[in-house]
Each structure stands twice: as structure tokens, then as C-alpha cells.
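The same chain A turns up in both complexes below, where it pairs with chain B and then with chain C.
Up next, the complex of A and B:
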């Protein structure tokens, strides 16, 4: 290419605004209808969670036993969009307040798993040797136990409570993130640009934080988003098994399902609505996760 | 003659082969580099050629201490850096830099070009202010023939040749004395190769650089190098001045390598006889005993070749070769076993 050729290329390239990889990924995410739908649904859930007191027509624990006097339980009506439960509490209000729990559950569980998992994975991948062996073999031990079973064990050990269930689900997620990050860190550690940084004399700590980790984050972000969905299901499942909140007044979706199973024959909507809420939010997070996976895929980099 | 800038004595780099689940057992070594000695004078370009997997990149990387040498000594500018600690090495690294083969893998895709080129300056505290840094980066980019606004853009927006220029700008950022060019043009189009090679040469004149130029393209190496070292399976088989090597190759491996270079004249090409090497490069984990080339050597003799490892001997001034029979081959007393006409 001649000097003039370089000028022309420079001109051509200048018509697109300069951008980093993250902006590039965001642009591609915006063109993915599934991911946009997922984002919209999650946005709706977040709004509902924040403004639950304004949206819900009743307090989640306001009992109206008169409504259930003629048997459980009156179905949906204009006064109670999703019907009322066995204590005459408005199901819609409870589902709306339950959104708060589900979002917190997802974020806390993933935060626990992600922070410890990333720390262990980064150390194992970067330090290597005996440290790597010790960390990864203990992760293998944790992975050998089925995730939900491990979470049940931890939750049972800590004692039943919603917080303990979140921690348990988070801990069960640690090996997944640790393994994922270790793998990508190992791959990046030997890459040419890391060697280049070493030959320049960049300190190890800075190589890890500014070269290796930013380039290892894509799969972790995708897995984290998908883990939000499974964490919500797992916590609901543990709640259903009675390991969650011991206060039946808690409008948590999993706990609500537990209470609903007595009335499945007469009032199936009591299980239907919290169940539907779980399905929708999990689906939304999965759509975002899949969208992110495509947007962050380096093979698609630079395409529209 | 003054002291060479880089001196390598008996350098070996062995990579351990480990097996086992819990406790890694050491079951062998890949002898990527085995007993290599060479020296590079100030201001010269030493070409290092050999086929894929012969350890030429490993030599380059070991010299700038990206790999730990298993044995041997590396002396840079009179200082033994073989076992220098990471922090002491940082000072030396201002003097020696590297340009990588793959212009796509050697730049961090998440850093802007300005950050990539500016990083060495920051690491070594060569800029006092933010303005000073961006001015230095702009000058470097201009010097390697990139538009100044490249600083705010990202590597994926550039072509292979432009990326290699970015890599060069990064290497030049600390104003080094010595640059290891690890196949810097092998991944580029031929037209771009010439540009980068010319750029390397003009930078050498301007900054008085010393290069170790690693390549497998014999034409490019001859063009840029003052002296050339030929490697085979982890060891150096021949070192001589560039022209001497091409006109008067002494080692059977060099002879067969040069006979594989196509000549852009169909008449000559059809007439000349060529030496074909048979078989693959033996595994460096289990190299042939004695002369490592004896398994593929067209001149192999019943004595010595399979019994004793040949040392580098000086057959002509500045022309050393590691072959027991180099003199006899040169004089024509020994003929190759397998030659063939092309076409």
C-alpha cells in the first residue's frame, strides 16, 4: 500500500466513529431483537420492584378473611387481578412485591458466586503451579456434587432463611465462574500482547488487571447473566422445599408456590401467577445472556 | 573490534513435559534450544533462519528473558542478565524490545493505539506530563507512517501492515538499542512486507538500532541481514556474512535450504539440480543423537555423523559451520545421495 493508499484507508475508516470493543458490542446488542425484548422485560420488572407500593393496589400482607369465607379461593376479578390467596391477600400485590425479592436474590447470589469465583479463577490461572492445582481440585470436588444438592446442603447447614439460601446458591456457583475465568486467563496469559507487555516491563499486577482480565471478561459476563436466571429458579426451588424464608408472610415467589400447592385443585391460579413471573424473568435474563454472547463474540467483531 | 551488544553462550531452553493428575511427574524435556552461542555486534542485523519449530523464536524470546534459560549465559551490553530479577530487568528492558510475528495477536484489542504505544513510556516514566506523553506517541506514530489520529482508535480498525507499524512504534517508544524482530513480516502480504522491511532499515539508520531478525523467508533475510545464523532443531549449524552464506553455503542443511529457494528464471530453474530433504523435522523432545541432521542429511557419511556431535568450526574468516564433512562437501569429494531435476 502506498502512502496515498494509507491516506485513503484513513479517510474511509474515519467515516465510522472511533470506538472501543465495548461500544462495538453495545451497538450489536442494540440490533438483536431478542436481547432488546429481554432488556425491556427486565426493565419492567425493575420498575415494578422500585414502584411496588404505587403499583400494588393492596399491602402484600393485608388479610381479608371475608373473601375466603365461602371457600378457597376466589379467582381473578376486577378488584383482585390475580385473585386472592388462602388468607384473602391480594395475589397481584404479592407478586408485585415479590419482584423485589427475586431481583435481589438473583443479584446477591450471582454476586457471591462471581466475586469468589473470579478471585479464585484469576489466581489459579495467573499464578499456576501448585496454587492452581489446589484451587482447581477443590473446585472439582464442589462440581462433583450436583449444584442444587450442594445448595440444599449449605442452606440446611446454615439454617433456613432467605439470605442463607442466596448465599448457598451463590457458593454453588463459585466453581462454575472459577473454572470459566481460569480457562480464559490461562489462554490470555500466553498471548502475544501479554508477552509484549512483559517485554516492555509492565508489572505483573498491572498485566493481570489491565491486560488479561479485561480480555477474559466476555464469557464471564455472559455466564453471569445466565446465572442470574438459574439463581432465581434455584432460590425459588429451595424456597419451595422449605429452606427459604420461614415467614409465610414473605411475598417471595418460591415461598408463594409452596403455600399454593395445598390449593392446586381448587385455585391453580395461586401457583400459576408466581410461576409465570419466574418463567418470564428467567426467560428475559436468558435472552439478554444469549444476546450478550453474540455481541461479545470476537468472531463477529466489526460486523454490523 | 569493540564488545558485542548481545552475547549468548551455550544457551539452552528446555520445556518440561509433565504428566499426571495431582502430582506432575517430569517425564521429559522439549529441547527447543540446545547449546546455542552467538553474538550480535552494535548496529548490525543478525538474521536467524530455520524451518518452523527449530527454536528460532525461542532463542529470540529467551534473549529478552521472556523465557527462562535452562542453561547458558546471556550478556547484554556487558551485563550478565541471565538470572537478573524481574525488577532489575525492567531497567534493561528499556534497551531491548521485541516486534512480534502476528500483528493481530500482539496488540491488546481493548486498548487504544495511543495507550498501546504510550504504555512503555509510562512504565519507564519517560514522560513527565500527559501532554508530553501524547506528543511522544504522536511523534512515534508519525515516524512509523501512521496517521496521527490513529492514537484514539483501536487495533481492530487497522490492517495487518498498519498493525505491524503500531507494534514497531511500541518497540521504539523507549528508545531501545536492540530489537528482536520475531518474523515481523511473515504474516503480511508481499507488497506490505517490503514496506515494513524498508521501514525497519530506515529506523535502524536513524536510531542506530541493532536487530536480531528472525525469519524463514530467505530472500527477506538476505536483504536485511549483515550476518545470518542458520538453525536446525534447536542448534545453530552455520553462521556467516549474508552474501557469503548465499554464495558459498557450507552446511548440508543450508545447502538444501538454499536449493529450495525458487529462482525467478524458468530456464535456470529447470536446469539446476535441487536437493530435497526427506522426512519431517524430528521431535525436539527426542532429537537424534550425535549430529542432529544425520537423519535427513543427503551427504550423510558412515563414520562420525552418527557418533559425534559436530562443533562449530571456522572454515573461512567469519564463516563457522557445524559439520564434520563441511570441507569435503565444499571441495566436492562428497556428493549428495538424493538430488533431482525440477520438472
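Up next, the complex of A and C:
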């Protein structure tokens, strides 16, 4: 072997082993302390959601009116870690059960926005022409109404209920995902591998589903994770405005805050705990989203 | 430049048509009919039929839509069901409240977010940088209404430093020629009223401004870091310009370009967040108005109010786009 050949072999032995985009991203995500913290927090919340009946000392709707007999409301104590609400219910148990709602809320809203948004964006980007114009101009119209207001409008149309609020927040997110996916699909459509697939006669639908879409996924994953965070905030906000669950027994954090606002003078902890729960879960999803953004950024690939 | 402005104006036409259609359909899809809302549930069928005929609700939908577009275009938005006052009159009173709030929130966000982002970029990797990242992470993670409740508790309930409800103390006798209360106080020379209105504005503005603050800090930091590595900055440094001049003329001017676009987009977020902030602080603005209208099935208010907010948002974005074209000659070319 020539000397140059030996040098190349030596060089190859020192580079990182070959890996795909996802493995590489995962490796970098594991080195990001923020993202790891976020993942740990989400894991804790999932565990609390699953084992809520075991973790919560009381049922979320068990009322002990004797506790609020001498005024609202007894603050945190060993018996009631987060105090007792105006109806004599254990706040800690309600916050713990509320975890179930928050996770479902995030996933359902993002699923609605993501699925319809991706579908519309992919069609607009891939088909182009009149279809593209019609879809994207409709998205522009939706974007002309400030997001939260659009969600409020849709929720009002569907009638007050927690499911409707989740759908409303999801629908308000459709134009954002549609724009994102259209942009990436347009970028991919002109790339060489698509040209190669087209030239060997692969059908359009197959090109879109097995060539373009998988390669357009990384921005969608990042935006989807960050959207989980905003969806939880928005649904809580609509719940706070009274558009969410009409059943006061539902331990949804946003709805709990509406009530807590009334007792702010005497029982501020009733607002503090559900509010902090929202902040922590939203913070966790934001950390994961930022970590994923850095891990999936092709400009940063191979570094760090 | 003129062509750029004209093209942006033409793009408005389909948006406005779409918007009017969307709101027209939305109002008709709301649960309950206007007749139920206005006449009550026990109205006789005859009364309902008369009502429908009077307001043209028995005519075909395209005819109704055309009538709606014609009256709206002439500036007529109907009368509120709840207050029996013209929607336009109420907008005149409430819109200044919301603008005052969103303006103050934006001012707060820019005056803290911008220096924070710049400082973080200048001291990249330092404690200041980490602090700025932490602040912006917290800013986007704390719900506006929760922050509003916390601020209200600390500064109004507990410390009693600032008022927690309304736009002005009811005991203050003030005239309101413009309905911008702070401005009104200044214009009429009533310093006391202006100061009181300003105090009422602080907590809501800080609560609402927390998100744009986080985003402005983030974008400023990122764009300053980008610009700092540009060739023209290196050239400026290499030819011996003092660092202060390089920062101001070469870095800052270019780094602020993306920040201006973000400010326009943030305005929509602020208008949405105003619904929550106005609710917590009982401010009689557009947001709390729309919220009440949903509860009251006040269709004229919903129809007019949401259309008005959307049009304002579209116009603000148009202005931002045009300003962007003015300050950044690069995008005018194509």
C-alpha cells in the first residue's frame, strides 16, 4: 500500500463511525443537559399521570367541607401538601390528576394541527399551481386572525368543552404547520434525489410519501415539540376564560386557575400550584424542542 | 419601492375577501340563532319570522353575504345586543385601551429584551449570556394569565403598590378626548390622571410583555451573533475602527433587521394575549369585550370586533413589511 493510502486509512479510523441522521441526532441530544432535563421532567409527569390514583392521597373530587368551615382556605400542611381548595378538595390530588389532562391536551391539539397542517402543506408544496395558491391563501386568511383569538372563535363555535378547546387550539395551529411543511417540501422537490427518482419513473405519490416527506420531517418534529408547549398554555388560557370544561369537578389546571383568581387575597397557593405545574411541563417541552432543534440542525451535524 | 408597496397592497384584497367570508360563515355556525339570542327562547314563531324578515335572515346566503359586505364596507357594524350601543362606538372606547396595553407591553419588551439580547451576544458564553437564555426560556414558558395573577398578588394584593383593576381610579375626574387615558391626562394637563392611568398600565403591560421580551431577546442575541461573524464586520475591525463605532454602525444596524419583522408578528400574539390580561385586570379593552360577547351571544360585537382586530393585525403586518423594505434595501430588488 502506498503511503498516501496508509494515511487515508489512518484518517478514516479516527473519524466517527458512520451513522444516520436520527442516530446522530440522538447522540447529540444525549449530550444536551437542557434537553435531558426536559425529558426527565416529562417522564416524571407521565409517571404521575399514569399512577395518579397511587400518588394522590385523595380522590380529586373528594370534598371535606369541614376543612373550609373556618374560612377559605387552609394552606399547605403535611396532610394537604398544596392546601385545600374552596370546596374542601385536596389541591395536591387535583394537580396530580390534572397531569393526565395536560398531557392529553398537548398531544391531541398538536395531533390535530400537525395532521391537517402537514397534509395541506405537503399537497400545496408538491402539487403547486392553483391548488397551492388556494390552500396557502386560505392559510393566510386564518393567520390574519391572531392565533389565540382564532382558537377562542372556534371554541365558541363548537361550544364550551375541553375536547372542543383542544380541537380549536389544534385548528388554529394548522396554518403554521402547513406553511412550514410547504416550505420544506418546496426545498426538497428540486433536490437531486427527487430528480433521480422521477427519472427512473417512480410515481408522484410514492415520491412524495417515501422520498420527500421523510426528508422534510426534522423541522416538523422540532416545531411539533415546541407546539406541545404553546398548546398546553393556550388550552389552559381558554380554560381560564371559561371556554373549557363546564364541569367544575374537572381538575384541569387552566380551569382551576379561574377559580383561584377569586380567592387570591386569602389563598394565593391555589393559583400558585396549578400555575407552576403548567410552567414546569411547558418549560420541559421547550427544552426538548430547543435540544431537538440543535440536534437536527444539518449545519451543526458532525460537530460537538 | 412603489411597486413593492402596490404589490403588498394588492395581496390584501384576497385576504380581506377571505376574512369577510370566514367571519360570515363563522357567525352562522355559532350555536343558537340571532333570533333566539335577541328575542329569548320563548318568542312566538310569528315574532321569529318577523325578526328574520326584518334583518334579512330569510334571504339566500349569497344575498346575505353581499348585504353584509356592503354595510361593513360603509363602516356600519351593527348594534351590540348586550349594551344596545353601536359596535363602532364601543370600538372607539375600547380599542384605545387595548392599544395602550399592547403598546406599553411592546415598549417594555423592547426596552429590556433588546439590551439583554445585545449584551448576551457581546459576552457570548458568559454568565450574562446564560442569564439571557434562561430569561427567554422562562418568558415563553410562563402563561400570560398566570404571570398576571402572580403580579397582581404580589404588587397589588400583598404590597399594595399598584392598582389591580380597571384603567383609572373611579374617583379621579378626568376628561377623555382620545380615550387613550395616559395621553388624555397629558393633553388636558391633568398630571394626576395621567400618572394614575400609567400606574394601572404597569402590571398588565409587564405580564403581557413577558413573551415578546423573551422572543426579542432571543432573536436579538441570535442575529447579533450572526452579524458579528460577517466579513464586513471583520473588515471594519481590521481597518481600525473603534469597537464602539463597529458595534453601532455595522453590527447593530444589521442585527436589528430580523428584530423588526418579529415585532410585527408579536403584535398578533399581544392582541390574543390581551384577552387574558384584560380579563385578569378587568380592563375594558377589545379582548375582554370579545370574551364577554361570547358569553352573551352578542353576534354583532363578535362579528365586528373580530373583523376589526383582524384588519388591524393585517394592516400592522403590512406596515412592518413596508418599513422592512424601506430599511433593508436588499429585499426590494426581487
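Quick note on the criterion: the second predicted complex is superposed on the first by the 286 of 304 C-alpha atoms of A that agree within 3 Å, B and C clash if a C-alpha of one lies under 4 Å from a C-alpha of the other, contacts with A are read in each partner's own complex, and residues count from 1 in each chain.
Please note the rule applied: contacts are C-beta pairs under 8 Å (C-beta built on N, C-alpha and C of every residue); 3 or more make two chains touch, one makes a residue touch a chain.
Quick caveat, the model's predicted, so the values are computed rather than measured.
In the superposed model, A:164 lies in contact with neither chain B nor chain C. With both structures placed on the common chain, the touch criterion links A:261 to chain C but leaves chain B unconnected.
In the superposition on chain A, A:195 contacts chain B only, with no contact to chain C. When both complexes are overlaid on chain A, the residue A:182 reaches neither chain B nor chain C.
By the touch criterion defined above, A:137 reaches both chain B and chain C.
Of the two partner chains placed by the overlay, neither chain B nor chain C lies in contact with A:28. Residues 137 of chain A lie in contact with chain B in one complex and with chain C in the other. Residues 137-138, 140-142, 144-149, 152-153, 156-157, 159, 229, 233, 236-237, 240-243, 257, 260-261, 264-265, 268, 271-272, 275, 278-279, 282-283, 286-287, 290 of chain A are the ones touching chain C in the complex.
Taken in their complex, chain A has these residues touching chain B: 1, 3, 6-7, 9-10, 13-14, 18-22, 133, 137, 191-193, 195-204, 210-211, 214-215, 298, 301-302. Listed in rising order, the residues of chain B touching chain A in the complex are 22, 61, 64, 66, 86, 89-90, 93-94, 96-98, 100-102, 105-112, 119-120, 123-124, 145-147, 149-150, 152-154, 156-157, 159, 161-162, 167, 170, 174, 191-192, 195. Only residues 14-15, 18-19, 22, 26, 29-31, 137-138, 140-146, 149-150, 152-153, 157, 268-269, 271-273, 275-276, 279-280, 290-291, 294-295, 302, 306, 309-310, 313-314 of chain C touch chain A when the two sit together in their complex.
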